[in-house]
Amino acid sequence: MSPGWMPCGDSGARPMQHILDYEFVLRNAWLIPALPLVSFAIVGLFIRPRSAKLSGFVATAAVFASAVLAWILAAGYFRSAEGGHAALVPWSMEWLRFQENLSASVGVLVDPISVLLMVVVTTVSFLVHLYSIGYMHGDNGFGRFFTFLNLFTFSMLGLVVAPNIVQMYVCWELVGVSSFLLIGFYYEKPSAVAACKKAFIVTRFADLGFMIGVLILGYYGYSFFTGAGSTAVGQPFDFAYLTSPAFLEKFSQVATGVPGLTLITVAMVLVYMGAAGKSAMFPLHIWLPDAMEGPTPVSALIHAATMVVAGVYLVARMFPVFAASEQALMVVAGVGAFTSLFAAVIGCTQDDIKRVLAFSTLSQLGYMMFALGVSTVHEAAGYTASMFHLFTHAFFKALLFLGAGAVIHAVHENDIWKMGGLARKMPVTHATFLIATLSIAGIYPFAGFFSKDEILAAALYGGHPIIFGTGLLVAGLTAFYMWRIYFITFWGKARCEKAGHAHEAPVVMLVPLVVLAALSVVSGFVPFAEYVYLGEKPPHEGINMGVAVPGTIAGVLGIAIAWFLYAGDAGRASALVARMGGSYRHIRNKFYFDEIYIFVTKRVVFAFVAAPIAWFDRHVVDGGVNLTAWCTRTSGAVLRYLQTGQVQTYGAWFVTGVLFVTLILWKMFM
Amino acid sequence: MGLVSWLILLPFITAMAVVLMPERLKHLIRWIAALGTGAHLLLTTVVTVEFWKLASADAASMGTARFTKLYLVEQVPWFKSLGISYLVGLDGISLCMVILTSIIIFTGVMASWTVKERGREFFALLLTLVTGVFGVFVSFDLFLFFVFYEIAVLPMYLLIGVWGTGPKEYSAMKLTLMLMAGSALILVGILALYHMSGLHTFDLMQLATVNYPVGFQKWVFPVVFIGFGVLGALYPFHTWSPDGHASAPTAVSMLHAGVLMKLGGYGALRIAVYLMPEGAKEWGLFFMGLTTINILYGSFGAIMQKDLKYFTAYSSVSHCGFVLFGVATLNLIGMKGAVIQMFSHGIMTGLFFGLIGMVYGRTHTRMIPEMGGLGKVMPWLTVTFFIGGLASLGLPGLSGFVAEIHVFLGGFFGNPWHSITAMRVLTILATMSIVVTAVYVLRGLGKVFMGPIEDKHFLELTDATIPEKISTGILVATLVVVGMAPWLIVNLVEPAVMPIVNRLNGMP
Amino acid sequence: MLSAAVTTVLFFALLALAVAFAVATVLTRRIFRSAIYLMGTLATSAAFYVMLGAEFLAGVQILVYVGGIVVLIVFAVMLTSSGEMLEDHPSALRRFLGFVVAAGFCATTVFVCFLTEFKSVAADKAVHAGDAAAIGRKLLDRGAEGYVLPFEIISLLLLCVVIAAIVIARKTGAAAGSGAGAGEQG
Amino acid sequence: MLMLPEIVVIATAMAVLCVDLLIDEKRRVALAPLALAGLAVAFVATVLQYPAIGSDMFGGRYALDSVGWWFKLIFILATLLTVGISLDSLDGRGTVPSERLPARGEYYVAMLFTLSGMMFMVSARDLVMLYVSLELATIPLFALTAWRRDSLSGEAGLKYVIIGALGSAILLYGFSFFYGLTGETALSAISAKLTALTPAYILAAAMVTAGIGFKMTLVPSHMWAADVYQGAPTPVTAYLSVASKGAGLALMFQVFYRTMGHLVNDWTMVIAVVATATMTLGNLVAIVQQDIKRFMAFSSISQAGYLVMGFLGPAPEGVPAMLYYLLVYVVTNLAVFAVIIFHSNQTGSRNVEDYRGLSRTNPAMALAMMLALFSLAGIPPLAGFVGKFFLFSVAAKAGLNWLVAVAAVNSTISLYYYLRIVRQMYIEPAVAGATALRVTPAIACVTVFSVAATILTGVIPFFYELVHADTVKWLALVVR
Amino acid sequence: MIEFLASYEPGVVTWLMLPAVLFAIGIYGLLTRRNAVGILISAELAINSAAMNFVIFNRFITPAKVDGQVMSLFIIAAAAAEVVVGVAIFVMLFKHRRTMDVTRMDAMRR
C-alpha cells in the first residue's frame, strides 16, 4: 500500500497518469485477471518456498493493483458511456478451436455487470488479502494460502470477464477448484477434508448440468450460426450471440419431443443447475455450510462475497436466454425463493457463527436468484435489483465474515454460545459487525435496505405476490437470526474463559473491516439503476414506500424478537425451543439433507452401483478372461489323453484319417 | 537416414549401449539410459521444429491438399514382392504421439532411477519397448506398423514378470496374451485389407484411396477395431489393464498406461476408421455404446478400489474410453478430442503411475486406507499428484479438459450416419463420468494426502528427489501448457484428422 | 480250354488260400506261426505274380521276401521270445476298433475299385513283357524309361540300414567308446 | 554335374565310414569335421548349381528346379547344423553321461544318407524314385531314433518303425492307384493323365495325403511324433523336427503340386481343415507338457499346421512363402534345440522347469532361446513372424480369413507356452547353488548362426526376395 | 461250368479285391497284434498287398511295360530294409524291456 499508487487521477506524476487513464485500462483490461494469475505463478513457484511473508505481500499487492485498475475501469466506463453502456470486448484471442466457425476464445468482456463484479471481486479480494496477512499470521501454510487466494482471484475475475460460455465454464471450474483447495486448507483436519471434497463434488455434479447445457447451446449455436441466412459475427459460444434475438428466436422453436417442453427450457434448466450448484441453491446447498471449515477470510471472500454469486452472475449473464423460456425463469424464481426461506429457517437454529452466516448467505443468494426469476426482458427491475443486492451483499457479508473471523481469531472458538460480551473487548469489530447486521437486516440507511427493497419491489410489481410474501418473511427471519448471533456474541457476559481474554484484532485486520463497513453504509446510495439495467434505461425511482415500509417492519420485528429472546435471559429461547420440540430438531439438523446425501452416495451409489461394478469386473468380465484361459488349458489337458502312448491307437487314428479325408473329398467332388 | 528414422533408432541404440555395459556399472547404465532418452527428447524437439516449419510453409501454399501429406517421409522398399516398404513419416497425430512418448520415456527413466535389481536388462527392455512404440507412431506401412506394434507389446511380459510386484506372472501373462490376441485380430484385418485392395501395397496412404466394398468393411471394421480396442482397454477386453498396471514396476506402468494404451486408439483411428469409413459408419454407434460403458464402468470401478494402482488403472480404463469414444463419434471434433485425450491421458497417467511408484517407494504400501496425511511430509508429490488428479477429472486449464470438451462436443454434435438422439444420450451418459471421476479422485487423493497422518513412520519420509522432481515437473508442465495453450496441440492435430473426416464424408 | 478252366479254379483257390493265410497270420496267437502264415501269404502272392505274368518278380518275391524277410522275422521272433510262446489276446475293444477300421478301409477300397473304371492304355493286351530281361534293362537304363538311379539309391538304403541295424542291435553295452566293433561287423 | 551335391554327400558318408573303420576310437573326433566339411562342400556345390536350375538328367527322371534347389539348400543347412549340435553328445563333451550317443561314424553316415535321400526326393520325377528316396530319407531315421539304445530311445524307435511301416504302406497303396489310373510312373505324365476325378483318384489322394501327413506330422497322423521326439536322442529330435518335416513338405510339393497340381486348388478346404486341426491340437497339447522335447514336439506339430497354409488357394506366392517359412523354421527350431542340447548336456535336464534361472547361469543362451522361441511364436521382427505373415497372407488371399484368425489366435496360444519357458529362464530364480553353465564351441557356433539367421532373415528382405524371385513362377511351370 | 470257368477271366477289379482284402487284414493285424514282431508281420502283409497292386495294374493297364513290376521290386527291397531296422530296434528294446508287448510300450504318453 505504497501511497504512490493511491492517487489515480490527480497525482503530479505524468507517466503514472498516462498509464492509469481509462483508455489504457480499457485496452488492457486483461491485466485485471492476469495480474493475480502472474502473481499466483510467481508466488506459487518461486516465492512461497523461500519466504512466506513476502508471498503474502506480493499476492496482496497484485490484487491491489487489479483492484485499482478495476476501479479506474469502472469509473471510466460508467462515466464515459452516456448513451447506454455498451458491451465491449477490448481484447480476445482464439483459445480452443473446435472446427471451422466453432471456437472458444479467451477475452475480456466489459459491460456493466462485469465491471461491477470486477470492482466487487477485486475490492473484496484485496481487503481479504490484507485481512489475511493478519489472520493467517504464523500459520504454516501462509504462503500456500496466498497462492490459493491469488488463484481464486484470477479464476473469479476470468469468470466475470468471460465473453463466451466456454471461458465462463473454464473459470467456473477453476473457482471450484480454488474453493476446494481453500476449504481444504487445513488438510490435516478430517472435517475440512470432508468439506472440501463435498464442496467440489456437489458443485461438480451441478456443473454436469452446466456442461450439458453448454453442449446444447454449442450445438444449436453452431447450427444457427452457420445456418442459412445467418448474419452473425463472432463465435457461436459468445454471449453476444447466444443472447441475441436472432439466435433466441430460432432456438426457442426447437422442440424436445416432450409436449410443452422446449429445448431452450431444458438447456437453461441445465445451465441453471450449474448456477444453482455454485450458488448453493436448494437442493445443492449442502456444501456451503460445510465449506465454513476453511479459514474465515476464505469464507468471506469465496463463500459469501464472490464465488457463490457466480451462479447469480451466470443467470444474469444469460438472462435473455433464460427469459426466452418462461418455465426456466419459473424454476429460477421458485428455487431462489424456496432456498431463501429454507436457509433462513435453518439459520435461526445454528450455533456455529460461521454456519449461521453461511445459511444467511444461502438465503441472500436465494434472494438474488428469485429477483432474477421474477424479471422479464421488458420488466427487468429484478435484474437490476439482483445485481444491486449482489453488490451490496458482497460488502456487508464479507464484513460479517471478517468480523466473525476477528471474533474467532480472538476466541478460538466458533460456537456462539461460548462467546459473549465481546462488545467491549473488541470495539471496532463490534461496531463494524453491528453495521453489517443492520445492513443485512434491511435497516435504512444501510446498503441492504436499498437492494432488498428493490428486490421486493420487483417481486411485487412483477406479479409474484407469493414470492414477495416469502421475501418479506425471509427479511424478517434474516433480521432475527443475524441479531440473534449479534446479541449472543457481543452482548451479555463472556461464556467461556477464552472469550473473557479476547483481544481486539490487529490493525491489518481492522482496516478491511472499517473499509467494508464504510462500503456497507454507502453502497446503498449508489445510483445503481443508472448503470446496470437491461434494455432501455429505466426511469429513476426513489424508495418505494409500499415495499420499504413492510420490509423495514419485518426487519425491525425480527430484531425485536431476537432481542427479546437472546439479549437478556437465555431461558426464553430455550423455552421456545422446548415448545417447538421435534420441528426444531429437524430444522437444527438442516432437515437431514446431509444424511440423505450420504445415504444416497454411500448406500445407494457406492453399494448398488460402484461395488457391484467392481465385483462384476473382477468376477464376470475378468472371470470370462480367466475362463477362456482355463478352457484352453483344460482342452489341452484333455486332448493330451488322446496321446495314449499306444502305438496302435496312433495307427488307428492314422487309418481313420485316411477314411476321413476320403469322406471329405468324396463329399466335395462326388 | 532421416530424422524420423533416428527417432526409432536412438532408443534402440541406447538399448544396445546399455546391453553392452557390464552389469555392475549400475550408475553408468542408468546414466546412459537417461542421456539416451534425454537426447531423444531433444531430437523430438528438433523434429517438431522441422515439422512445424514444413507444415506452416505448406499451410500457406497448399490449402487443403496438405491434409493428406506426410512430412519427413522416408521410404525404402523392404519386401518388394509383397509391396512392403519401410515407410516412415510424420503427420500431426504421429508427431503428437511421438512427443508424448518421448516425454514419458524420459520421465520414466528418471522415475526408475532406483531400480536396483538387474538394471541393465530392465533399461534395455524398456528402451526396446519404446523403440517399438516410436516405430508404430511413425510408420505408415501396415506391415511395418504391425511389426513395431508387437515389438512394443512383448517386452512388457518380462518387464512385468521380472520387476513387477504381486501376482506378476499372472498379470504379465494375461496382459501379453490378451494384447497378442488383439493383435491377431489386427493381423487378420491388415491382410484382408491388403488383399481386398488389389493394390499390392501396404502403404497406408495408398490403401486409403481404396473404396472397399461395404459388405467387406462391415465385418473387417469390428475385427480391427476390437483388435486395437483390446490395447485401448475397450470394454469388455480391458481386464488385462488393472492387473497389468498394478503388477508392473513404475516406469513400465507409466509407459504402458501412458503410451502403449494409446496405440490402441491410434490404430483404431488410423487404420480402422481411416481405411474403412463405411464400416465405421455401420458400427460407430455400437462402439460408442461400448465405450460409454467403458467410461462409466471404469470410473465407478475406480471408486471401490483400495490399491492406488488399481485405482489408477480403472481410471485409465475410463479415460481410454474417452479416446475410443472420440474415435467412434466419427466427426472432426470428436476424433480430434480422441487424439488430444491420448496425449493428455498419456501424460496424466504417466504422472500418476510415476507418483504412485514414488509414494510406494517411500511408504511401501499402495493401499489407500493405510495411508493418510502424506501431504505434510511430501508436499511436492502431493501437489503434483493433485494436479494430475485434477487433470484427470477434466479441470480446465489442464490438458484433460481440452480433450474431454472436444470429445463431448463431438459426441453431442453427432454425425450424419447415426441417430443423433442415441449419440446424445450416450454423450450425456459419458459426461456423467466427470462427476464420478471427481468423486473417486478426491476420495482417493483426499485419503492419501490429506487428513491426519495414519502411521507415525510416515513422518520420517522424505519428499521427492531431484530426478523425481525433474520427472514429475516435466509432466506437470506439459499438462499445464497443453491445458493453458491448447491451440498448440489443436493446430497440430486438426490437419491430420481432416483426411479421416474427409474420407468419412466421401471427399477425396 | 481245360487249362483255362483250371487256371480260373486255381485263381479262386489261391485267392481263398491267400486270404486264409492272411487271416491266420493276424489271428494266430503264436507269433512264430504267424510268421509261417505270412510266408504262406507271400508265397501265394508269388503264385499270383506268376499268373499275372511277372515270373521274375515271383522269383524275387520268394527269394527276398520269403527267403529273406520272413527269415529275418523268424530270427526276431526267436530273439525276442521270453518263453511266452503264446501271445496275449488283444482286448476286445481293440479288436473291435481294429475290425471297424480295417473293415471300413476294406469296404472303401473295394467300393472305390468297383466304381472306378481302370482303362488299359496299351492297344494290344496280349503283349507280354514281364521277363527278367526287360526288368533288367529297365533297371540299368539311364534314359527316360529307366530306373538306374532308384536302383542305386536302394543300394544305399540297404547299406545304410545294415550299418544302422548293427549299431542298434549289437550286443555291447551302450557306452559310446565301445562302438569300435560295429564297423568291422558290418 | 547336376547331381554333384548328392554325390558329395554320399561320398562324404562313404569317407566317414571308411575313416571310421581305419582309425581308432580316440581319433574319431575327426569324423565330425569331416562330415561338416563334406556338408559344407555339398552346400557350396548346391549353390553353384544355381545356374543349372531347370536342367535334368536320366532322361528327365532326375531334375533340378528352383524349388528343389531351395529344398536341397535347406536340407543341407539343416543337416549341417544338426551335425553341429550332435557332436558334443557323440564326442562325449557333455557332463551328463546319459546324453552321450554311441557310434559316431555310423551316426554321421546314417544322417548323411538320410540327407541324400531327401535330396534325391526333391529331384525325383517318377514314382519309383520318389518312393525309394523317401524310404532312404526315412528308414535310417528309425535307427537314429533308437540310437541311444536305451529303453526310451528303443520305444521311440519301435513306435516310429511301426507307424512308419503303416505310413509307407498307405502311401504305396495310394501310389499304386496313381499308377493304375494312368499306367505311368513319371510324375508329369501322371499329372497329365489324371484329369478325371474318379473315386479311385480320390481314395489315392486321401491315402497319399495321409502318408505325407505322417512325414509332416499333420493331424491325425501326427501322434507318433510326440512319443518319438521325446524318446529320440535330442539331436535326432532336432533333425526329425526340421529336416524330416522339410522332407515331408518336399514330398507334399511333389505330390500335391507336381502330381495332383490341377486339383490342388480345389483342395483348399481339406488343407484348411487339416491345418486348423494340426495347429490347434499341437498348441493346445503343448500347453500342458512338461518334458521339453515332448513340448517341442507339439510345438513343431503346430508349426506344420502353419506350414501347409501355403497350399491354400491358387496363389503362386504360396510356394515361396512355404519355402521361406521352412528355412526360417529350420534355423529357428535348431536354435532352440541347440540350447536344449546345451542345457541337457550340462545338466541332464528334461523338463521345462529345469530351465529356471538360465538367464543367470548363462545369459547368452537364455537370450538365444528367448529369441528363437519368440520367432517360433511369430513375434516381429524375427523371421518367424515374417514367415508366418506371408503364409497367412496366402490364406487371406485365398479368402480364408477365418483361417487367418484361427492361425493368429493359435500364435497367441503358442506364445503362452513359449512364454512358460521364458518365464522359467528369466523370472524364476536359479536353483540355489547353480553355477554358470559353459557352452561348447560347436553349440555356440550353431546357436550364434541360427539366432543371427533368425533375426537377419526377418529383417533383411534379401532372403525372402530371393526365394520369391526364384520360385514364384514355379507353380505355373509345374501345374499346367 | 467248365466253359464258364474257361471263359472267365478275372478282370482288373476282381484282381484288385485281393490286395484290398489283404491290405485290410494287414491293417487289422497292425492295429490289434500285441507283439511288436506280429505288428511288423502285419505291416508286411499290407506292404505286400500294395506291391501286388502295382503288379496287377502293370498287367492290366500297361501290359507292354514293366514299370509296375519294377516298382514292386523296389517295394520288396525297401520292405526288407524296413524289417531289418525294425528287427534291430525290437531286439535292442527287448534287451531292456524283456517283452515285446506294444501295449506296454507306453513309457512316453500324454
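A, B, C, D and E are the chain letters, set down in written order, and residue numbers restart from 1 in every chain.
Rule of thumb we're sticking to: contacts are C-beta pairs under 8 Å (C-beta built on N, C-alpha and C of every residue); 3 or more make two chains touch, one makes a residue touch a chain.
It should be emphasised that the depicted structure is a prediction, and the values quoted were computed from it without experimental measurement.
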item	value
Intersection of contact partners for subunit B and subunit C	A, D
Innermost chain, taking as reference the mean of every protein Cα atom displayed	B
Label of the chain whose CA centroid is most distant from the centroid of subunit B	C
Farthest chain relative to subunit A (centres taken as mean CA coordinates)	C
Chain pair, C-E or D-E, that carries the greater number of C-beta contacts	C-E
Between subunit D and subunit A, distance of the C-alpha-averaged centres to the nearest whole Å	77
Subunit B and subunit E, separation of their C-alpha mean positions in angstrom	66
Inter-chain centre distance, subunit A versus subunit B - centres from mean C-alpha coordinates, in Å	36
Inter-chain centre distance, subunit A versus subunit C - centres from mean C-alpha coordinates, in Å	102
Set of subunit D residues in contact with two or more other chains	128, 131-132, 135, 139-140, 143, 146, 149-150, 157-159, 162, 166, 170, 180, 182-183, 199, 202-203, 226-227, 416
Residues within subunit C bordering two or more other chains	94, 97-98, 101-102, 105, 108-109, 113, 118, 120-122, 147, 150, 154, 157, 161, 164-166, 168
Set of subunit B residues in contact with two or more other chains	177
Contacting chain pairs - touch in the sense defined above	A-B, A-C, A-D, A-E, B-D, C-D, C-E, D-E
Footprint of subunit A on subunit C - complex, ascending	94, 97-98, 101-102, 104-105, 108
Subunit D residues touching subunit E - in the complex, by the definition given at the top	127-128, 131-132, 135, 139-140, 142-143, 146, 149-152, 154-159, 161-162, 164-166, 168-170, 172-173, 175-177, 179-180, 182-185, 226-227, 230-231, 294
Residues of subunit E that touch subunit A when the two form their complex	27, 30-32, 39, 102-103, 105-110
Subunit A to subunit D touching residues, read off their complex	632-633, 635-637, 639-640, 642-643, 645, 647, 649-651, 653-662, 664-666, 668-670
Touch list for subunit D against partner subunit B, complex	317, 320, 359, 374, 379-381, 385-386, 389-390, 392-393, 395-397, 401, 404-405, 408-409, 411-412, 415-416, 419, 422-423, 426-427, 461, 464-465, 468-469, 472
